[in-house]
Amino acid sequence: MANIDELRRIVKEIVDREDVKYVIGYEKGTYGFRVSPSFAFTPEDVEKFIFSPLCVHNLAVYPHLEEKLPLKRNEKEDTRKIGIIVKGCDSRAVAQIIQEKGLDREDVVLIGVPCTGVIDLKKINARCPHLMYGEVREENGNFIITAEGDTHRIPKEELLCDVCTQCENPNPILYDVLIGEEVESKKEDYQKVKTLEKKSLEEKWKYWEKKFDRCIRCYACRNGCPLCYCEECMVDNLSPQWVRRSVTISENTAWNIMRAYHLAGRCVGCGQCERACPMDIPLMELNKKLEKDVKELFDYQAGTEEEPVLAVFSPDDPEEFVL
Amino acid sequence: MNEAKDEMNEFEPNIVAFLCNWCSYAGADLAGTSRMKYPPNVRVIRVMCSGRVNPMFVINALQQGADGVLIAGCHPGDCHYVQGNYYTRRRMAVLKRLLEYIGIEPERVQMAWVSASEGQKFADVIKEITEKVKKVGPQHHFRRRNVWRI
Amino acid sequence: MEEMIIRKEKFHDLVERALKEYTVVAPVDNEGVVLFRRIATPSELTLEFSNTKIPAKSILFQQTETLFTFSQRESVTIDVPEDSEKVLLLGIRPCDAQSLAVLDHVFAGELEDPYVKKRENTVLIGLSCLAPEINCFCTSVGGSPFSAEYTDIQLTDIGENYYIEAKTDKGKKVLDGMSDLFRPATEEDTEKKKELEKKALDAMKRRMDTDDIVDRLENMFESSYWRKIALKCLGCAACTYACPTCHCFDMLDESAVARGARVRVWDSCMYPEYTRQASGYNPRPERMNRIRNRVYHKFNYYPKNWDIIACVGCGRCISVCPVNIDIIDVINRTCEAEP
Amino acid sequence: MNPYVPQLASIDQIRDEVAGERPIKTFQLSFQDENPQNTFKFNPGQCVMVSVLGEGECMFAVSSSPTEKGYIEVSVMKLGKVTSVLHQCEPGDILGVRGPYGNGFDVEGWKGKNIVTIGGGIGQPPLRSLIRYILAHRKEYGKLDIIYGARTSHDLSYKQEFFRLEDSDDADVHLSIDAPEEGWTRFVGFVPDNLLEVAPSPKNAIAVTCGPPIMIHYVIQNLLKLGFEEDQIFTTLEMRMKCGIGKCGRCNIGSVYVCKDGPVFSYQQLKNMKGER
């Protein structure tokens, strides 16, 4: 991972520029291995910035979350840039939003950090539970966990997020400044999706019914996703009301299909939806299925193309399913 | 919609068909005027182009009691709006695979190119989709169980 | 028959007999996520969990509840579903039981919510916490891991036996007819329970500073502190749906052709549409307003209306928040924030 | 009994108050299982939840006075989902009504005082209920000033009633529209300016204002300028409401629930109410 002092020095320079409003990064969380997004308006705020395998959030979600209230008579809109620390998948999310004209490239200052994989909190909490304070450092293939006196050395594969174990683009594809050297990327084999695809229809429905039945429709998956930035989400529509607000297997299934479908060819695989879900629903398995289909059907990959996948077509798209 | 029929031995599926106004709807009309026989299970919704069919229409139809959904449009190249059917082809390709991945039988969501002159093809398509859905049975996975039915 | 002991193996018989008269709702492990579910056989339940992901309020104040159904076929008729189901809520933690006492205030009154009838028909069997979670802080808001104040029967796991205290008549009614399963508690059992209680209290690592929190919040309403807190909030409703004292709901009609139902569903003050009026005007337009309202509702407004803090220290909102907005940290840092 | 279940009421009469793109209609509702004496007791300024079964529910201030037996009237501006469907209803349709909710105006306490009502746009219905109540007990109240304004003359509700009142000497009516129109002889300008023009005396007077939040803000400022005390100024607040009985937690301004503790508040209460409104 990038070293912290260099990161802070660079971010301080960027925060000091008068065409930058603030820079979004990561700071130590309030307990255990938690890390929280952090907003630096002044160079002093940058002192809190850290970067470690625990920095899991996709910060590309914040430019759209900033509410733009009607201006009072004499106020002028503050159009200064927003600085964002972006890992590989975060930068592809920004690229995808820019491709969809949801953001202008000059509105953001991107501080790229090559990423060697982030930790799945559920896995590390299972190994070292009930901790008030925990630090993690990476050292040639192992995570060194120092927590309240004792240290553990755990091989990376046991703690990495599932999506990071096969990450194809850990290096930012879009950045103003890069901190640290590039990392070699791995190969995605969609193993989980393939095993589920081979199952019978009945087994597949049993598998998903159990998960969708747990969904409480809190929409943390939607609000945590950088690509879910519609002004009015279809699920909040009242006329027409696509999905009813009552929490039943029918509406939950419709919601999960709607969310996954709207990310076909747009999801960059950062895994934030699965992380944010309080009910542990494996949402990435849905997104990865769509990512695999879109690659196979149209040879399309999110974040690196010119046009959204469903906004274009090619005359020889597959049509074996058409009668 | 017709639960009473379910109890009868023969299951009669509800098929919702989105027919594009310029080709498929005209094809269906031709099938009708030429007295062609095809199962009565289909309920037609006329849309200006198959591209108008939002994938959520399909999901909503399956929720509200449809056992099968057909999206019929013009043959590629004949679309009145030039590329409407191309977009539909991509959308439905992705939707069908996602539904299958979740456990919904692929026969339930079908696409077809039916031009204005293919009355017979329209009748065959309806026969085929009704047979397939009848074999697969009623769609009760994520059908809305309305509280007030009791 | 105040303090009794029941061997763990016999506990399933107790549940078996209770199943005859009550609908038993107990924690069920659902692929690692423990939730309250109705059980048909005692084997489905588990008592090895820290706390359920979704609080016990979901049984009395359901996430989706039909208020009434209506038909407009020939004439318009409204039919209110009768609900006289006797429920045994087994395995409720002391903090969740305390949250029901908090919810009683808002749902009671001279216009009684259906929650009140359900509450009367429900018997609470509490389960003391041997190992509090890292985010538990019930001791800061008047609760404790072994508190049996708000439950009808309190269970405590003391090794091979359960220590049972039946305190209310509702609780005693459940246990009469089962006295063959118990033996009176000896001095040594009570000693063991006290020792476990001390161990649980020591294990509590976090403390929220709630003394005169109502006044502290009173004069910092306009502080820029709230804007800083709300910067990283994503505006999802995970914290409010996981919170045992959140009681906001929405009422919607679901209908097809001439029949339908008015359904009540959980709602969240963290959603922008929550207060947006048909004219488009929204008194709480920003996440700052909404997060401030959520904190004030629990630590300032509720105490003003019913003089009880609407937070029971279960820590679910802390562990469930995707961006680590930590209620303990938010409240503790109000000490040094300028008004 | 479940407090959310509405009583059934049928629409007797629908009057078009305002046409155009923000139309207002007044619905006269009478309860179906009407027992002889009208059990639906309410005070002017109280509200009712009107439900269109299958669409949803909306909170409306009752615009008729309790002295008019056998029916209640609500005025509805077509703005959202339920109000649009309401505007398509015809006489004879069945609606659900539950209530009355809220505290209403303190008509007992205001006996013997001069009353000034300042309404704007769709804020007039609760004031109309108060006005008709006062007209029914005319002797028990002092002078009655009615100040009411809207964007254009077409947007003025209850026009016939106001013209009749203008001729009678029961009340002084001061209508206003925002922009000049030919054929309009009365005041032109915003309601708060019209108030300064009319300049009612604060002695032994009560001022009641309802309308859009921005109008209430300036009306209160001008009332203070005219010498009105804080406990002489009353207003009704508008929040999104669902349950109407202080349970669903949505209509709170600070620790006060507008549906249960309001919607009528004195300026004194309003001033030290912390919370967004």
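Letters A, B, C and D name the chains as they come in the text, with residue numbers starting at 1 for each one.
By definition in this document, a contact is a pair of C-beta atoms (placed from the backbone, for glycine too) under 8 Å apart; a residue touches a chain by one contact, two chains touch by 3 or more.
Note that the structure is a prediction, hence the values are computed from the model and not measured.
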- Message: Among the chains here, which has the CA centroid at the largest distance from subunit B's centroid?
- Response: D
- Note on the structure: Using only protein Cα atoms, the chain sitting most centrally is C
- Message: On a C-alpha centroid basis, what's the spacing between subunit A and subunit C, in Å?
- Response: 31
- Message: For subunit C versus subunit D, what separation do you get between their C-alpha means, in angstrom?
- Response: 40
- Here the gap between subunit A and subunit D, centre to centre from mean Cα coordinates and rounded to Å, is 50
- Using the average of all C-alpha atoms in each chain as its centre, how far is it in Å between subunit B and subunit D? 51
- subunit C: positions in contact with at least two other chains: 70, 250, 252, 254, 260, 263
- Numbers and ranges of subunit D residues touching at least 2 other chains: none
- Item | Footprint of subunit C on subunit D - complex, ascending | 2-6, 8, 51, 53-57, 79-80, 83, 94, 96, 213, 238-240, 242-243, 245-250, 252-255, 274-277
- Item | Sites on subunit C touched by subunit A in the complex | 30-33, 35, 53-54, 63-64, 131, 133-135, 203, 205-206, 228, 231-232, 234-238, 240-242, 250, 252, 254, 263, 265-266, 268, 271, 273, 285-287, 318, 320, 322-326, 328-329
- Task: Give every residue of subunit C touching subunit D within the complex, in rising order.
- Result: 67-68, 70, 72, 76, 78, 80, 106-107, 109, 111-114, 218, 221, 247-253, 255, 260, 262, 264, 267, 269, 274-279, 281, 283-284, 289, 293, 296-297, 300-302, 304-305
- Note on the structure: Seen from subunit A, its contact residues with subunit B in the complex are 193, 196-197, 201-209, 234, 242, 244, 248-251, 253-254, 257-258, 260-261, 264-265, 286, 289-290, 293-294, 297-298, 309-311, 313, 315, 317-319, 321-323
- Message: With touch defined as at the start, can you tell me which subunit B residues reach subunit C in the complex?
- Response: 64, 146-148
